[in-house]
Every structure is written in C-alpha cells, then in structure tokens.
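Worksheet: one structure, shown below.
Here the chain labels run A, B and C in written order, and each chain numbers its own residues starting at 1.
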Amino acid sequence: MRMINFDLGKITQQVKEHPPLVHHITNYVTANDSANTVLALGGSPVMADELEEVSEMVSIASSLVINVGTLHETTIPSMLIAGRRANELGIPIILDPVGVGATTLRTKVAKELLEKLDFTFIRGNRSEMKSLFGFEGKTRGVDSMVNEEEDFSRIALLMARKHQTTVGITGEVDVISDGERVVELSNGHPRLTKITGSGCMATSIIGVYLGARVPSLEAGILGISRMAIAGELAFEDLGEQAGMESYRIGVMDHLSTLTPEILQKRMKMKEGMIHE
Amino acid sequence: MRMINFDLGKITQQVKEHPPLVHHITNYVTANDSANTVLALGGSPVMADELEEVSEMVSIASSLVINVGTLHETTIPSMLIAGRRANELGIPIILDPVGVGATTLRTKVAKELLEKLDFTFIRGNRSEMKSLFGFEGKTRGVDSMVNEEEDFSRIALLMARKHQTTVGITGEVDVISDGERVVELSNGHPRLTKITGSGCMATSIIGVYLGARVPSLEAGILGISRMAIAGELAFEDLGEQAGMESYRIGVMDHLSTLTPEILQKRMKMKEGMIHE
Amino acid sequence: MRMINFDLGKITQQVKEHPPLVHHITNYVTANDSANTVLALGGSPVMADELEEVSEMVSIASSLVINVGTLHETTIPSMLIAGRRANELGIPIILDPVGVGATTLRTKVAKELLEKLDFTFIRGNRSEMKSLFGFEGKTRGVDSMVNEEEDFSRIALLMARKHQTTVGITGEVDVISDGERVVELSNGHPRLTKITGSGCMATSIIGVYLGARVPSLEAGILGISRMAIAGELAFEDLGEQAGMESYRIGVMDHLSTLTPEILQKRMKMKEGMIHE
C-alpha cells in the first residue's frame, strides 16, 4: 500500500518550477474566484468552453477542471470533447458536480461524464455525491455501529474503487479515498458555507496540484485542507463580527499566503477506519 | 387597507429558520455578487438558465429572480418557462429590467415577460421603468403642483394596480407601491451608483425576503432600504478618500451585518401622498 | 509630427463632464472587474453580446471593447456586427486578443476581426500580439545590436502603420505606437501578473479614454500607465506579505483614486528609439 506523502515544501516547489496551466470548463458565477485562486497558488488559469477550441486548449493544459455549476446545452459536448482529449493525452481531469441532484439534467450529465470519461478526481458535497453515485447514504447494515462519517468514508472508498478514481466528499468531516486508503479531514469553518465558490475554489486548487503531477490522494488532501484552513485562519483574524465580504477576502488571502509549515501544522487528518 | 408590518426581528428569524432557495436567471456580470448577497442574508442562491433544467430548478426554489442584464437568445425562453412554472406553483417572481430602454430587444423581452408572467415584484430605475411601462414620466396634468418624486409615486401606484404587482422605482428617492399603499424611501448614497451590481443585489435581497414569504411591499422596502443603508454605512466608515473597491466591499459587508435595529432606526420612509 | 499631449487634468475633466458609455463584448471571467473599473474612472459600462441587440447598443455607446477571453460561437458574429456599426458611426473600438495563439479558433477570429474592422486600439501581451500579427518576435537582422524591448517597439510601429491603428504591447516594458510615435512605459509590478483581469481592466480603461475622445496614443499611455502605477502603489501600501486578494483590491482602489498629479509624477515614459 502506497504511503501518503506530505513533502509540502517539495510540492510547493514543483508548482513554482512548472506552473500548471489549469483549463476550466466552469460556471460564470465563480469563474473569477477560481481564476484568482489558481494564480494565488502559482498556476495559470484558462477558462474556455467553446466546442471548437476546447480540444486544442486542453492539449496544452496541465489539468482540466469540469464544473457543472451553470450547465448549458452548448457546454455539455465541450466537456465531453475536452475530457476525451485529456484522457487520450494522460492529462488529469477533476469533476465538480455542482448542484447534481437538483435537476434531472445535472444528474444525467454528471453520470454521463462519469461513465464516458476517466476522472482523476471527483470532489463534491454529500448531497451531490449521493446523487452522482446513486446511493442513498446508507450502505451499512441496520445493525451496524458505524457512524455517518464512517459511512461516507466507506462510500468514498467503494466509489473510488468502482470508478477507478479518487473521491473527495466534503462535509463537516471531509473524506477522501483513492480506493486504497481513506483519509478524514476535520478542518474548516461554518462560514465557508456562507460564501459562494468555496467548493469551486477547492476544486480548482486540486486542479493546480494535479497539474503539477501531485498524486491524486495527496492533491485532494492538500486542496481540501488548504481551503478549510484558510477558512479557519480568516475567521481567527476577523472574528464573528466581520462582514461576509471581508471574510471572503480573508479566505482568499490565506489561500495565497498559507505556507507548507502552517498547512502541515494545522491539518487535522486521520486515516479512516473501514470495516470491510 | 393593510398596514405595513415591520417586525424585522421576526422576518430575520423567518429567513434563518427557513432559508429560502433563490433561483436566479441573471447576468454574468453581477452573478457572483448576487450569490454572495443571498448567502449574506441567510438564503441559498442557485443560478441556472439552461432551458432543460429551469422548470425543475424553480420547482424546488422559494423564489425566482429574473434579471435581463445580459440577455441571450437562449435565456429568453428559459425566463418564460421558469416564470410560468413559478406562477403555477405560487412561487414569487421578481423582475429586474436591467438596461430596458437601451435596445429594442430588451424592451420587447421585458414587456413580453410582463405580459405573460405574474410578477410579485418589479424593481428598476426610473429610466428602465419608464421604458418597461411605456410612460413618459409625465402622467400629471400641466397645472399640477406635484413634484417629480410624487410623479413616480403615482406611476408606481398606477402600474402596480394595472399589472397587479408590486413596483419599486429606485432613484434619489425610491418609491414602492403594491397598488394600495405607496412608500417613499430616501436612504442611500451617490457612491452606490459607482459600483456595478447595487441594483442587482437589491433585487436579489428582495428575492430572499419574498422567498421567506414576507409580503411584497415589506420585502421591497426591506430590500431597497438594506442596500441603501449599507451604502450609507460604508461611506461613513470609509469616507470620501476611500477607493471604490473598498467601498464596494464595505457595502457588501454591511449587507451581511446590518441588524434589524439599525435598519429600523436609519430607515427614512414616509407614506407617499397620492392625489387621485 | 503630433506631440504627445498630457493635460491629464483636462482629460479627467472631459471624462467627468461627458461620462463615456463603454460597450463591452467580453468574457465572463473578468466582466465584473471591467465594469467596476469603468465606473471607477467615471464612465458607464454596459455588457451586451446578444446578436440581436449589439448593433443598437453600440450606436448609443461612446466606445466598444472587444475582448475574446471566452469566445463563443454566438459572440463571434456579435463582435463583427457591433464592430461594423461602430466603424460606420465613427465610434472607437479597442481589441483585447486574450489568449490568441493558444488555439486556432482564437487566432483565426482575432485575425478576422483585425481584417474586417478598423480598430482604434489593439492591446495585448507579447505572445498574443505575436500570434495576432503573425510575426516571430525577431524582425531585426542577426547582426543587430538592438535589444528585445526595441524589437517590440519596432513591431508596434510597423503593425500600427500596416493596420492603421494604435498598438499597445504589454510586457516588462510596455510599448505603444500610433504609427508615428513610439513610447515605452516601464511602470508596473510583477504581482499584476498574479491577478486575473489586469490586462482586461487596462483595456477597459483605454476604452473609457477613447470614449472621452482622448487621442489613441494618449488613451493607451494613460490606460496602461494607470493600471501599472496602481499596481505599484498597491504593493507599496501592502508589501510582500499581503494576500493576493488584498493586493487585487488595493490595485482596484488605486485605479479609482489615482490623481492626474500622481500619475504624471510616477509615469516612466520615454520615446522609443526606432532605427528605420
């Protein structure tokens, strides 16, 4: 079994030396936040969703982020075309199934993407991931003593195996599995749910790390932790009385200034207990 | 005649207890600001404009915001479909006729929306509302002594009656009428006209209150006052020398931190005098 | 030969007295930043890209910004139609060839725009301008002693003449030529490359000045310098430790507060040396 490698200094160096170009096919609500986040980490963002250019654009990219936040009839084929090309070229793809479960279209499209493309990573919240993977959140038997977090750990593991990908399910506790190992992360702050784009930005950060060839489990841990810890630090700086826009700026500032040392020190990670 | 009810504490509580999901079909310029504003007030935003999903999305929403700021051929039918579904289900809809009057298309589409859908609220500036309702801003007789503000109060009242809706016309003095009562609001700061999205955000706030089942006149008063008073407070904090981006952040911060007590205390509202 | 006119006080007054309406057909990533930048300078932004309305919209505008950052099949004809109408009416147009060179589509579309429309200004970075104009960045002979900056000065001059436009090529040193004069500007800060939209915002500022009927060379100098100096001032305020989002806000603040006096004082401009 592969060990989790956290030479954060080395990873940070990797990003600096080979700034990844992260191609996004994403929504218009948080595109600016995602672009600034990628830049804050030392990467280069490019947003392009026109069918005629996505295949060529992804060919020069280091990774591809597919985010279905504002899905359009015209961008669905773009996602498939760019994804296929990325797969052919071995360029990592990450899926953010924003709002999946809310409408038949989103669920259908996300499932089609899941079926037709090989994703390196899939990051979504519990509700989105339930809808995407088609489970009810209760995979354990009635007499099981396991708690809900373990339930999601198990789901992440099973889904990662089934779809041969790495799965990150975010919630009060975030769980990530590459099908071999499961980790639980318990950083974060409730205020992060009160700003738009915290999920999208976490996904874009994972895109940066994947683009820098960080292994998928580590990329997911780093991306999700970085956002969660930035959320903690911004709250510690500003307190309960601060306005939400100042909080949002504080979070984005910490995304850019967070050092490997602070990240390592604050990260609350434990290996998930899976009863198979 | 129904009295204006301002139990702001109760309304704030209502939003907290039943966070409204506010479905937006809106423009790409201010979508992020609108989303963050809805979150700042305790609601949940969702932006979705693809024809295939809007009917389903609005079905699970508490209210629908239709904003024509960056109108597209593809979003016009989405607005109509989502609006019809909202009407069938009794979900409140608010129209923001951004830029109506500037082009034939915008005026035509806004008039078509007005004709085919039952809006709970329509909020726009004087120029937009003149174009939407097709008046010249001079409904009074030549020998009338009424001033321009009263003119708009009268127009708001007449249009609210004619279209069986609630009308908010923003300007130096904002007027709102539900066809029975007319109120004039004189909060605000000139700097609000120097940041993009202040109108769109006011509309989204009204969407939050409508989604929490606040009556339309009260929802309009609260939405428009909240934006206006946030604009005053940000200016008081920062002064004339501050940069416009800091001012914008100050406004958005106050949108989230404004208490019912401060809102009540600062609100400059008077019942409009209508000579019928 | 026309002299470069820098009565900045007068230009600032011109913008205030006749606030230009700057019509943008632009990308969804930085549209909000561009809109706020135009407002910060005293102009009025309007973003509209629907084919059915762009011709009418541009007719009431003072200038037109065409930015190909997120090019779509549907916006390409809108750019052509709006551009032709602007040309007919003598309304200045500025092109920002974002990402040109990255894909065949962008290069093809930008070249088509260049061929079919008369641009008053074209602003892009070195790589984009190389792709747009189809040169290799090496127009000098092998034994030439001229340095790279002079190379770009020469290119700017030649391209401005060839296409009868004014060309601004941004880089470590920015060069601008109207085909008669060449200027080199050496303000700026490396951090500006770490925020999205600094190029788009510079283009929008040029759009404001062109809309206020400032001659193209001066409009370019002012637009590019204003962004560059705002970037310097924000860094001086905040230092190396600041987060990137705070830096971004600092830049946007200075865009709005920069006085003609400070701009004039800090501007590092020299006339380019061209060996013809």
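The rule is short, and it goes like this: a contact is a pair of C-beta atoms (placed from the backbone, for glycine too) under 8 Å apart; a residue touches a chain by one contact, two chains touch by 3 or more.
All figures in this text were calculated on a predicted structure; none of them were measured in a lab.
S.K.: Using the definition of touching given at the top, classify the network of chains in this structure as line, ring, star, complete or other.
M.R.: Graph shape here is complete: every pair of chains touches.
S.K.: Chain B and chain C share one sequence, so how far apart are they rotationally when you fit their Cα atoms? Give it in degrees, rounded to a multiple of 5.
M.R.: 120
S.K.: Taking all residue numbers used at the chain A/chain C interface, answer same if over half belong to both copies and different if under half do.
M.R.: Both copies, chain A as well as chain C, present different residues to each other, with under half of the numbers appearing on both sides.
S.K.: Could you give the separation in Å between the centres of chain A and chain C, each centre being the mean of its C-alpha atoms?
M.R.: Those two chain centres are 35 Å apart.
S.K.: What parts of chain B, by residue number, touch at least two of the other chains?
M.R.: If we look for residues of chain B contacting two or more partner chains, we find 28, 32, 249.
S.K.: Would you mind writing out the residues of chain A in touch with chain B in their complex?
M.R.: Chain A residues touching chain B: 27-30, 32-33, 69-73, 99, 102-106, 194-197, 241-246, 248-249.
S.K.: Mind listing the chain A positions that touch chain C in their complex?
M.R.: Those residues of chain A that touch chain C are 28, 31-32, 35-36, 39-40, 45-53, 56-57, 60, 74, 249-250, 252-257.
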